[in-house]
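Two complexes are shown next, each including chain A; its partner changes from chain B in the first to chain C in the second.
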Partner chain A sequence: MAMTETSNHNEINKTDHVTSIWWIVAAPAVWAVHFLASYLTAAIFCAKFADSDGSAGEVQLAVMAYTVVAIVIIAGVGWSGRRRHRDGHDRSPHDGATTADLRRMIGLSTFLLSLLSAVATVFTALVFYFVETCH
Partner chain B sequence: MSFLLIGDHSQSTLDPAGHGAAQIADLFHWMLGGGVLIWLIVVGLAVYSVVVPGGHRPRLTKTLVIGGGAVFPTLVLTSLLCYALAMLPELHRPPPQASLTIDVSGVRWWWRVAYRTGENQRVETANEIRLPVDQPVEFKLTSEDVIHSFWIPALGGKVDMIPGRETRLKLHPNRVGTFRGVCAEYCGTAHAQMAFDVLVMPQADFEQWLRGQQRDVSEPSGPAATAGRALFHRKGCGACHTIRGTDAGGRVGPDLTHFGSRLSLGAAIKPNDADNLRRWISRTHDVKPGVQMPAFEMLNRDELDSIVAYLEQLN
Partner chain C sequence: MDASSDAPGDDRLDVKAKRLLDAWRTPTGWRYWSAVNNSEVGLWYVVASFTFFLFGGILALLMRIQLALPDNDFLTADQYNQVFTMHGSVMMFLFAVPILEAISILLLPEMVGARDLPFPRLSAYGFWCFVIGGVFVCGSIFFGVAPEGGWFMYPPMTTEYQTGVGVDIWLLGLSFIEVASIAAAVELIVGVMKCRPPGMQLNLIPLYAWYILVVAVMILFAFPPLIAGDLLMELQRSLDWPFFDASRGGDPLLWQHLFWIFGHPEVYIVFLPSIALIAMIVPTFARTPMVGYGWIVLAAVGTGFLSFGLWVHHMFTTGLPAISIGIFSAASQAVAIPTGIQLFCFIATLLIGRVTKSVCLLFTLGGLATFIIGGLTGVMVAVAPFDYQAHDTYFIVGHLHYVLIGGTIFPIVAGVYYYYPAVTGKQLSEKLGRYAFWLMLVGFNVSFFPMHLSGLLGMPRRVYTYPAELGLGTLNLISTVGAFVLAIGFVVFLFDVLRSKKNQPLVARNLWNAGTLEWLGEVPDKPWGVRSIPIVESRYPLWDQDHFVEDVDAGRFYLPDAEEGLRETLVTSVVDAKPIQCLRVPGPTFLTHFAAIFTGGVFIFSTYHWYVAAAISGVLAFITILVWLWTGTAPIPEKQDKDVGRGLTLPIYVSGSKAVGWWAMFITMLGDMTAFISLIFGYFFYWTAHDDFPPNGSSGPGWIWPSVAMLTILLAYSATLAARRWNRQDHAARFYGAIVCGVVLSIVGGLALLYGPLAHQMDPTAHVYPAIVWVLAIWTALHVVLGVVMHLYCAARRAAGRMTARCDADIVNVTLYWHFLLLTTAITCLVIAGFPMVAK
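After this line comes the complex of A and B, so read on.
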């Protein structure tokens, strides 16, 4: 758009690590890993190590630890996304063909998906919080 | 058996007659309420944005869209999730050790039912389950062919029956009555005709019934029923059906030892009366397309009547 700041040709075509599209999938990937790790831990623990009453307190502790790690990573990703989105004084929409706008757009997507991933991770963890046994 | 008359034959989760179903009904109502609330707010905001003329203040717009469109639904869904998850442990907890245990296996397209009456002792029946009121009961579920799903909506949730595996379901009926159970997983041609009756009865009546089920059949009385028994064997019915106390020991079809006392026939698709029974035996595939029992069209009217008289006496 006309309102975006001027940029030279080199800058547009340069992709550095902060404009990488991969940032967008980082938070959902953390959620996916957290989800798999939680259920795999439960499945393996319940099949191999649970005692006769089927209590799964160890699984709950493990999932709690996974959750803290996941939320910290997601928060970091989300925070850096938000920072990049806020960079400069430009107003949205950020749809100019410039590196600066690309950066802001990826930043916003990263930020919003981090929020979603955080909620999804908490939802996964809640299951383990409430369901205390292998039954 | 006067309680049979007051049965309402309900098949509704929202008219619960057991602990599990009552919780599911509560959950349904809360989820409905939460869903309606979210819908009203989101659609209300959309309508507001269109209907109210002129520009909207950006700050307020932002608050309403983010608050009403994202934060509020997330909070409502999180509370509903917690409410639902908090129900699970109790629903899944196995019942006390000495509770009634019933084995049910799904067979295309009927239900094999066996009450565990003692150490290594079981009494088999089919297509009808009777339960004592206010007692927890545990079902051990399996399948002999494809995946079926065991569901008595008025009493609780459903659980899949999987070949080669045993799944569990605990129910706790709290109201006397007659209910309907169904197969809730598509399993072939006659899936929709794979149901069963559930009779929840006072403890004493239940015990009396179970004692009756443990008995073998007695001699048929009257010439028709006696002829019917002979025909039952001669026509080969016994190759597929068991009648305890006789030579009939087949396991392909439902146990008929106390068939006369069942409310319905053909996996709860018709009331168990003489007319329906005649039709069932002579025109089996018209009554239940796809059924795994051959139709006995060659029987003449007398023969049919005799077999029907015999089966009706199997109380």
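After this line comes the complex of A and C, so read on.
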């Protein structure tokens, strides 16, 4: 028990990295903003500004810009997550009771969620590539 | 504290254990029903949810009898409409969501080694609200007045063509229950984030807790849009405000948006907790830790997010622009990725482990296989052109039941087999379980697979009968036979659960040799949850930590005693689970029953337009809740700190972001803001959908009065900040002065908000524009009134010596409320006063 207590107290005295939990949801949040922005832009444009032929060229340009910004941010978050995940080249399941493993696990989740968010963002963007009109 | 002096058998330990037991003792006799502890409330919740499930199941069988033969007259069209509406509503609102809350309230504290959830009385209040609301809604069918509009209640059918009370029962009864769901979400989020044992940092928490955290956050953002929709529809039905009436500028499609912004995440809200049960069961029976913990976290969080981008796939046939349909179709495809990932993790764990056979695993595997079929048909209907063909046919009925029964019911039954010994100390029969499983699996597939075919052949949903010439009789008869086989499977399961087990021996502790904390419970279990709150260093501490159970039982960890005879648990930090507080949680009370009864009265009396009775009930509910808060929350302790064991001293009273109450306020207000944003969405929806919004000639509420409101509320907010500051500095006179200023300014601000539309003679029944402006103004004004009550409450607390300069949780939490109130007021004023100027 003595060992347990010592190691635990060392852990307990570490600062609570409350902000690190936000890294996990950062990339999906970017997807959500991109998704909502794309949807609202298309909905408002098609309802208020579209020509009679329903051409949505302006929306395509806008969403392309949103996508570039979103992918850059997601890539940044993902890279940061991967760096923390690979810290110390540990390939274990990150299930140790250490701050290092906590950091690696949050890094891994951040990285994986960035991949998923990137795919989902590209899915959204592809719609604007294939569907060119409001009709 | 010296651990060595706490060896088992030590007299001091017995005294401590006895004190702990006394503090947590369950009340007996009629007072049993005043219990608020998670083990009692959780169990009642499970039993009540299953009772509603059986009721919904019987309704399903009535439908299948009616549809067994063409041109059948077992039920009339009206009865059939009531039955299918109630079946869907009961299964979703009274079973699927509550059962996840029930199981979580029952088991989550055990899984994270907590003595209880942080707000046990809130759980009890939610439960009693659920029971009262559920009985009210279900009871309506026995009087022939049940809702008939489908579980989705689409207007204009429900606003113009169904004049009975059925729709009101649905709107008000289920809104009442949704409040209970949000209460449970608050409880569970704070429970997962703040009540874990020391050392259980985020990379070590049980997967169940990850899933529940995600699901509770989803509830917080998914339910409020429906509550906002319910409010709008009830205003139309009661006061003729035309939100969904196209002839006066309204739009029925707004309801569909609000309903499905709730409705689609709802599918994942009921699916993920069941998958969470699988995530606990699979490692136990594979005898190995779960493969891909990080990947499962990805799946849970990713699904939670993506599920909010799918709602329009229920509306593909409403004539939306192709681009909008495409976006939601793409997101519907993308959600298959995280859903698939978690299934692969489960399969991989089973492949690398040494699998032990059991009924739990049978139901788990049956559920996964069934869910995969439902998931694949889901990908089919996510493809818009296919959906155009399948929409509103029995193909969709088949698809959704494969998803919900495979993804939810089978895993829950697996969970019952798995956790029954932990809760009751007795085991369910493996033999009867196998019978039940095969009956259910075969019955389910015989019942629901033919529905895909009848749907593709053109059988529409929600019709009470069909002509023989359509050639659908055989498929429907097969479905009915299957439904009864499925029902027999449930009867076998139910018999096994309910049969007397008096002569059956108690099971061994940790029967399945699982690795997670909920299996620490002794047999028979003690009401204290855990003898001492352990230090956790592994995802599977019972497997990995040496002498773990012995140390817990010997009281060698934290809080092994209750010296003051009070119920206590540990609060830890969000990410690395560092102990930060010894939290005292309240014990048994009947206050929660009265609060639930009176709250229920508001909704139930309003259904019948008995507004005086509803108002009296509302006042009583308000007083009861105030008494509950006054007597039960943030009591000032007799000492500042407490030795919780192992030489660790923690504060008993904390305020601000370290306190669970602060988190509860923050989370509740996030839900409240979501409902408000849904109303704002409505405002702009009308603008995008209609050229005459705001209508020509309407001056709106003008800019003067909204500006006065904005300014005075800003000043009232500043007074609130000043009150918090002066309370902390112990300047009593200044504190009371700030409160008085805050109250006066708030009243002026609230009146100014309402006076804008009033002065401009905006008639809410004439057109949707004045109606939505009034709704936003009234919503904000009501929040201002609540802000005033909070001001007065804080002043009274300080005057009564229940709030001091140091113990200031009340004013800190009220300030947090005011941050949100200021934001709400600013958005309201900008929208109702500013937007008409821009739009012109």
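One rule holds for everything that comes next: the second predicted complex is superposed on the first by the 114 of 135 C-alpha atoms of A that agree within 3 Å, B and C clash if a C-alpha of one lies under 4 Å from a C-alpha of the other, contacts with A are read in each partner's own complex, and residues count from 1 in each chain.
Assume a contact is a pair of C-beta atoms (placed from the backbone, for glycine too) under 8 Å apart; a residue touches a chain by one contact, two chains touch by 3 or more.
The model shown is predicted, which means the values in this text are computed figures rather than measured ones.
With both structures placed on the common chain, the touch criterion links A:F123 to chain B and to chain C. When the two complexes are overlaid on their common chain A, residue A:L113 makes contact with chain C while staying clear of chain B. Of the two partner chains placed by the overlay, only chain C lies in contact with A:Y39; chain B stays clear of it. In the superposition on chain A, contact of A:T133 is made with both chain B and chain C. Comparing chain B with chain C, more residues of chain A are touched by C.
Comparing the two complexes, residues 119, 123, 126-127, 130-131, 133, 135 of chain A contact chain B in one case and chain C in the other.
Of all residues in chain A, only 1, 4-5, 7-8, 11-14, 16-18, 20-21, 24-25, 28-29, 31-32, 35, 38-39, 42-44, 46-48, 54, 56, 59, 93-97, 99, 101-102, 104-106, 108-109, 112-113, 116-117, 119-120, 123-124, 126-128, 130-131, 133-135 touch chain C in the complex they form. Taken in their complex, chain A has these residues touching chain B: 119, 122-123, 126-127, 129-133, 135.
Per the touch definition, chain B reaches chain A in the complex via residues 74, 78, 81-82, 85-86, 88-89, 92-94. Interface of chain C with chain A (complex): residues 3, 198-199, 201-204, 289, 293-295, 297-298, 301-302, 305-306, 308-309, 321-324, 326-327, 329-331, 333-334, 337-338, 535-539, 545, 547, 551, 556, 573-576, 578-579, 646, 688-689.
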